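Letters A, B, C and D mark the chains as written, and numbering starts fresh at 1 in each.
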Amino acid sequence: MKNIQNTIDKVYYECLELKQKGEVASYIPELAKVDPNLFGAALITSNGTIYGIGDYQKKFSMQSVSKVCILIQAILDSGHEKVFKKVNIEPTSSSFNSIANLELKEDNKPLNPFINAGAIVCTSFIKGDTSEEKVQRIISLIKNITGNDDITYDKNVYQSEASTGSRNKSLAYYMNSTGVLEGDIEVILDAYFKICSIEVTCEDLAKIALSIAHNGMNLNGFSIFSSIVAKELRAIMCLCGMYDGSGEFALRVGLPSKSGVGGGIMSVSLDNDGMGIGVFGPSLDSKGNSYLGIAFLEKLTTELGISLFE
Amino acid sequence: MKNIQNTIDKVYYECLELKQKGEVASYIPELAKVDPNLFGAALITSNGTIYGIGDYQKKFSMQSVSKVCILIQAILDSGHEKVFKKVNIEPTSSSFNSIANLELKEDNKPLNPFINAGAIVCTSFIKGDTSEEKVQRIISLIKNITGNDDITYDKNVYQSEASTGSRNKSLAYYMNSTGVLEGDIEVILDAYFKICSIEVTCEDLAKIALSIAHNGMNLNGFSIFSSIVAKELRAIMCLCGMYDGSGEFALRVGLPSKSGVGGGIMSVSLDNDGMGIGVFGPSLDSKGNSYLGIAFLEKLTTELGISLFE
Amino acid sequence: MKNIQNTIDKVYYECLELKQKGEVASYIPELAKVDPNLFGAALITSNGTIYGIGDYQKKFSMQSVSKVCILIQAILDSGHEKVFKKVNIEPTSSSFNSIANLELKEDNKPLNPFINAGAIVCTSFIKGDTSEEKVQRIISLIKNITGNDDITYDKNVYQSEASTGSRNKSLAYYMNSTGVLEGDIEVILDAYFKICSIEVTCEDLAKIALSIAHNGMNLNGFSIFSSIVAKELRAIMCLCGMYDGSGEFALRVGLPSKSGVGGGIMSVSLDNDGMGIGVFGPSLDSKGNSYLGIAFLEKLTTELGISLFE
Amino acid sequence: MKNIQNTIDKVYYECLELKQKGEVASYIPELAKVDPNLFGAALITSNGTIYGIGDYQKKFSMQSVSKVCILIQAILDSGHEKVFKKVNIEPTSSSFNSIANLELKEDNKPLNPFINAGAIVCTSFIKGDTSEEKVQRIISLIKNITGNDDITYDKNVYQSEASTGSRNKSLAYYMNSTGVLEGDIEVILDAYFKICSIEVTCEDLAKIALSIAHNGMNLNGFSIFSSIVAKELRAIMCLCGMYDGSGEFALRVGLPSKSGVGGGIMSVSLDNDGMGIGVFGPSLDSKGNSYLGIAFLEKLTTELGISLFE
């Protein structure tokens, strides 16, 4: 393995020279305010050493990256069987907020836990009678994994999500009408919006990714979730983690990953006894994935030779 | 024209002998309680004479028949242009509560005002800041047309609709997310549920139908809506009035009509200087139309030779 | 009824002043050669008097207008039951050559006989082992109705259709794979291409329309098809005759009609003991209907007050 | 690594005890004749040692497993750019012969090279003016990889495919109508049917898989295709290789694989300097994948710990 810090630096500066494409997510007003020039990355190795560059300690909103944590907590709280009775695990060529498949597919179930519909169902399986209880369980999970006690959700982003969350409401009520989603829909949606608004840094994402590489264990050696769940996450992230851009991403990068429209991407590597990577760049491509984030990961995996498919 | 009362009686008793098929709507619990054996019909001629049979003065819930009144009031309150900028006027082969087309069609607009999505958009164009104001405008409209001051909505049915209205919420929030539906969504939905719960008799439906035949004029000669709107209603009812069963209905019956899952059907005839027909039978076929209602109308139009396509 | 020739003339010249929109069909190369400035119309009254204007005796290719004749002949040759076991009669909001519904609808059947898929199925129900036998049956039908012994199909247009007919092949083979279309697919398709290439004039179309108004009788008083079929045609033409523009057409024109991408429209009126109308203008709107043809019919039905919904 | 022969034997006999589910493919009559009790597997290690069990030297028809060879040859003959300009590389939740997406997706392109539509497009990029020339290029490719000079296609299966290939014709002509597929469609389809009918053994599949693990090199050390193509194949096989069952397969097995309705599955492992696996069991699950084949691979990867996601 090459010198990691040098490699990260080199790749980072190559990306900076790219003519910037993509646009900051605008459908959530609060996200549109984020500086499009931010760019950072962090990589954590098996022994816990952190390599960072650029804005890697800058906080940003998890958005869909949180879907990984939602799935972990749903399984911890309600068990595999209950969760996967309501959510399939197949990749999809439709966009993350598509509703047509919920009607056209015979079983009306979301295709996987990493599109909005699937993550909303998973949120219903997180314990808690109020949205605050549910979001606090996710925040605790992230604290337990990262050791970062500062984790919280951004109230402005949450308000912005909630006030522009019509598409997610539509998905939730549709699934309620077909019996796929049960419980207090407004509580579930409110929890979902809060969870999407949780703030993390590239360093936090790298640590979560490392726990997935390390079969559910955090840096202190505590088992936060089972190795079975960790293996499943790696598979589902590989096939479904980048929305309808998962296929191209597998060819270009080849790491189990999850992106969010906040500009973050979290990637898991099993090489070198496990590594975790977090990248952040708020300008998005047409499928909602960080433009610079993918460019960085493509160059990095090529340099380090760590694609799953290498 | 044959003796109308005799014809109605004959057709009615022929229908009674049909082996009853279909089932009372069950997805709205309050509707499931309706006696499946109820059956009535009323026909009003141009001069106001009413011919009735069976349970023709029994009240039932308008449900989708109200979509005709919603469209009238929307145009009265906001004008053609505004309404038809947001709702198309094309028939559809999808079911009345389908959501897939809202995503798959490029303009995201409901295909016509007589599917749920279209009627919800029309409800947004009815004046009123509260759901009560909106429903009262529809009730006034019906009172003005029918002269029946007893018109009101059934609070139990309304509660039942509201508490099981997830699919309609899904449609509304979807359209809100694409900019097709604007305003306070919960107020619009609440109004929609109340309007669906308005109670009428076959006689009331016949009178509304007559006003559509009479270019918007009620029995007292007052113009309630314009002849242009009346003509449009006749066309849209003919093409889109029976959900995705409109084609077969045109062949079997051939009158501009609108059905509801409460078991009512309202039909307009331009023969004999205009006639209005209301039928009620709560058992529904697979497309949500009154089984006995269609049978009655098929026999009646055949006997009287009043199909548009005759 | 106003003086018909005067009305036709007036409406014709008003249309000529319209700033021409639309484009001649280009996907069939031979059709793209047609002069976009051609424009003609003919109306035939109950007693056989013909009123014509402009290029009303100019031959053009029937294209989808032939779907009406295909349906008549299919029913004559194989009977209602067989035909409607394989083709539904519901209008559709999808375009005339859409294939998605064949997969997404549970029964895999074409939605109606006036979209390509439906007409291809109907062609399979026309007697004949060769495509020539099948097309000759349609040509005979048209000769019998119109008394015009010159009817033939245009071999250049046919060749052009056949060599660019991939979409129709796709529809046919799809239906063959689901068991909806049986027989020698290439023969059926070849017949379909030939039938689409049959040449007619506005006068011919008017005469066919009149036979539909006259319950299947031609001008000499011979019954060519049954009154039941005639009534069905009027209903299906009203709901499905203008592709996915049928709703708007019902409001603007309100006559059972069938259009073709050759620029022809054939319309049936039951007023004045029956009238038939044929219009021709090769520039098409976005849905494949004659731009000037619809304009002419809209003005004409308004002037004469003969909309079904008037 | 455990003793491979012992592991294979153990897993094989465990699978034999499974209550047999699934059914032999019946839509291609010739395939329906295959003995459902056949079951075999072969694994080849990096140095060329072959471990086999059961019917591992029994010939069977490649069917969709050949899509991998088609993609290789298409790229060899026409280059990446040309091929991927016409075929996407995204997984899909639709079945392997679905046509709806070709219409509903804006670019009309097949979602990936491993569904029928995509493989037909790739076949058009294989050199050759006749179907025989095209199929011989694939046969040569397989001979070059496996060293097996007996490779040929089964003429009975080919005839059976060709005579029941309506769905594939439909896909091909649809793509021709949108400009995605060019050339002589009947030649392309004929080649596709012949290629699907190529006969191989588990041993052959294992060798092809090994060449994919070995970056395109065959057992004699000759480079048959580039390492870039090999890496791409591993990624696409992982995401799209098992039709709409790819997600569940990734969790259960976790190896880049390709299945066929002939009952074969070919799997690539990068562990132990590369291994290739071929399995054969003609009874299929509801998604068209070998029931016993998946069971075998699940147990094998668990025993050997060679899932990509382990």
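Definition applied: a residue touches a chain if its C-beta (ideal position, glycine included) is under 8 Å from a C-beta of that chain, and two chains touch if they have at least 3 such contacts.
Computed from a prediction, not measured in an experiment: that's the story for all the values here.
Asks: How big is the rotation, 0 to 180°, that puts the C-alpha atoms of chain A on those of chain B, in steps of 5?
Replies: For the C-alpha superposition of chain A onto chain B, the angle is 180 degrees.
Asks: Considering only mean CA positions as chain centres, point out the chain farthest from chain A.
Replies: Most distant chain from chain A: C.
Asks: Starting from the mean Cα coordinates of chain A and chain B, work out the distance between those two points in Å.
Replies: For chain A versus chain B, the centre distance works out to 47 Å.
Asks: From the mean C-alpha coordinate of chain B to that of chain D, what's the distance rounded to whole Å?
Replies: For chain B versus chain D, the centre distance works out to 55 Å.
Asks: Distance-wise, how many Å sit between the C-alpha centres of chain B and chain C, to the nearest whole number?
Replies: Comparing mean C-alpha positions, chain C is 32 Å from chain B.
Asks: In chain B, what residues contact two or more other chains?
Replies: 104
Asks: Determine which chains touch and list them pairwise.
Replies: By the stated definition, chains touch in these pairs: A-B, A-D, B-C, C-D.
Asks: In the complex, go through chain C and note every residue touching chain D.
Replies: Per the touch definition, chain C meets chain D at residues 98-100, 102-104, 166-167, 169-174, 176-177, 185.
Asks: Quick check: in the complex, which residue numbers of chain A touch chain D?
Replies: Per the stated touch rule, the residues are 88-94, 101, 105, 111-112, 231-232, 234-236, 238-240, 244-248, 250-251, 254, 256, 270, 307-310.
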